[in-house]
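Take this structure, written in structure tokens, and hold onto it; I'll ask about it next.
The chains carry the letters A, B and C, assigned in the order they are written, with residues numbered from 1 in each.
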């Protein structure tokens, strides 16, 4: 499967250049983390990989597979969680039966059964982030982009989310995972490649083995 | 002034048949026009908000211009369309309530679209993007954003209704202010004024204001009901 | 959801109420002038017509000029107006078969009770000459109505052109013109019927009246079916016949305001 490639890519808003990546290849089965200070271009890179924005210069090559993203801010519809999940699953699979299956599965996996009938926009931020993850996974994506996915979650829920992601990428092949995070532990246990960004540039590119999770330690 | 208020009160309390008929007609024409204008204009406005095309600022400017067209000009256009010598003359709608509804719909349609566009524009930037990411097609995004902003539509409807029921230019042109058929409160006010019957004209104006106020209160009551339910448990119903 | 449904149901109820549906089939659209409507003549006369023939009359009361424009476009079935020259042209162009005389009244010149130009009692020609040279406010209809056409005829007949600064052409109906004249204590030409029934006279009163030139004849014209095939010819003809025959003429004659007869039957 052809990799996710950026070639001579620049993203600029007016005169301000927010991303400058001469060459980058992301491979399936190599979960990648983006780390760096706020404003370093992590979100822009993720949105670029998704296709929500186009580069001002250069090309982005994406494999023709479904892409899902968990955004930094959930911004939910005023719709019940089950309905929303069902829609996401239905748009992802095209089948009503699979939609029911997928939505039930992810609802349970992220332990959202209690709030299933509630209005999505009325959930707490942590619950909304879990729902956002469920929505992304219900699409059955091959490219999963996560933008600080556990920022508003407490420790147990964050661990749940991380485990869910881990299981997903283990059971689905091939999957590109690109996530931005401020948690070193999260990065260490999920990603085998770490890209350091600063002022829109990739300043470091590390590859290493996955660290085993230590429950309770964050 | 006090003579007019006394007269207005008298008309209302005694439920003067002519005035009641005229008031009812005003309500009907504007209610229908609002329904049609919102039914068509709100989705169009939502679609415009979601449009990602270079034509978008041009379309938005055209819409803004359309909103600013004076009622009498809209009436003139509607008259030319509905006239027997005009393209829609075969309908035979001129000087009827149908013509008035059509003309007022044309008048408030751009208002509904513009308001809807502004409302959806705010949420489409974030929520709309989430939907796009989830794989929703344009019709789905329009539908879901309309549903998402459903609390705003009652206000849009009231705004359109207020503009419709208060105007005289379009209904005068295509309705003809015909007694017993197409006379509404605003054209009646114009007529009484032209007869020099200023007290009566003012009284009719007060009746009109009273109508709009009553409607506002009804809708306020509808919004507040049901009471007592906490937001997180209510959620959206079927 | 339920409150939304209720809202829509409430609005849908409007549909059930009468008044939204089409007018009864044999209705006649009569384009007439503001003077016949505002004076109350039509409200007095038409119910008798409807009672006797079963034909509903929808009166569109606009200025003579607009009424004729409407009829030319086929938006009216019959005309009841008061501009003999325009009426003759209308018939001449084939839009109507003939013009039948119906009734007459007269024009009057109204002005400030104080009468600063000492016009009261003068002849029309002299009064207009005095007005033409002064800056006293004068309100003109300016809307191609019968009254406006008459006003222009009178200026021409008097051989003067209004050159003062007080000439206000409002482009409005008789009522609005009278309101304006009342507010500005201006002189203006009006038909007697409109004047008598006008309720906002202010400090105005009649200053010139009674001359033969001020004769104001009204005519009825049936719009030609040859020009507009959809015209309700039967209804229009029935109206023309009725208003020029005994019952119609009697109804016109016994319309009074404050004991005064406003229109005088003149059909032959």
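Just so it is clear, contacts are C-beta pairs under 8 Å (C-beta built on N, C-alpha and C of every residue); 3 or more make two chains touch, one makes a residue touch a chain.
Just so we're clear, the structure is a prediction, and the values are computed from it rather than from any experiment.
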Original post:
Which chain lies at the heart of the structure, taking centres as C-alpha averages?
Top reply: B
**OP:** Specify the chain most distant from chain B by Cα centroid.
**Re:** A
Original post:
If you average the CA atoms of chain B and of chain C, how far apart do the two points sit, in angstrom?
Top reply: 33
Original post:
Which integer distance in Å separates the CA centroid of chain A from that of chain B?
Top reply: 45
**OP:** State, to the nearest whole Å, the distance from the C-alpha centre of chain A to the C-alpha centre of chain C.
**Re:** 77
**OP:** Going through chain B residue by residue, note those that touch at least 2 other chains and give them in order.
**Re:** 150, 236
Original post:
Inside the complex, what are the residues of chain A that reach chain B?
Top reply: 50, 52, 66-69, 71, 73-80, 83, 87-88, 91-92, 117-119, 122-123, 135, 139
Subject >> Interface residues, chain B side, partner chain A - complex >> reply: 126-127, 129-136, 140, 144, 147-148, 150, 231-236
**OP:** Spell out the residues on chain C that touch chain B in their complex, using ranges where they run on.
**Re:** 1-4, 6-7, 10-11, 14-15, 17, 19-20, 22-23, 29, 34, 38, 43, 58-61, 73-75, 173-176, 178-179, 182, 197-201, 228, 230
Subject >> Of chain B, residues touching chain C in the complex >> reply: 21, 24-25, 27-28, 31-32, 35, 83-86, 89, 92, 94-98, 101, 150, 154, 176-179, 181-182, 191, 193-198, 218-219, 222-223, 225-226, 236-238
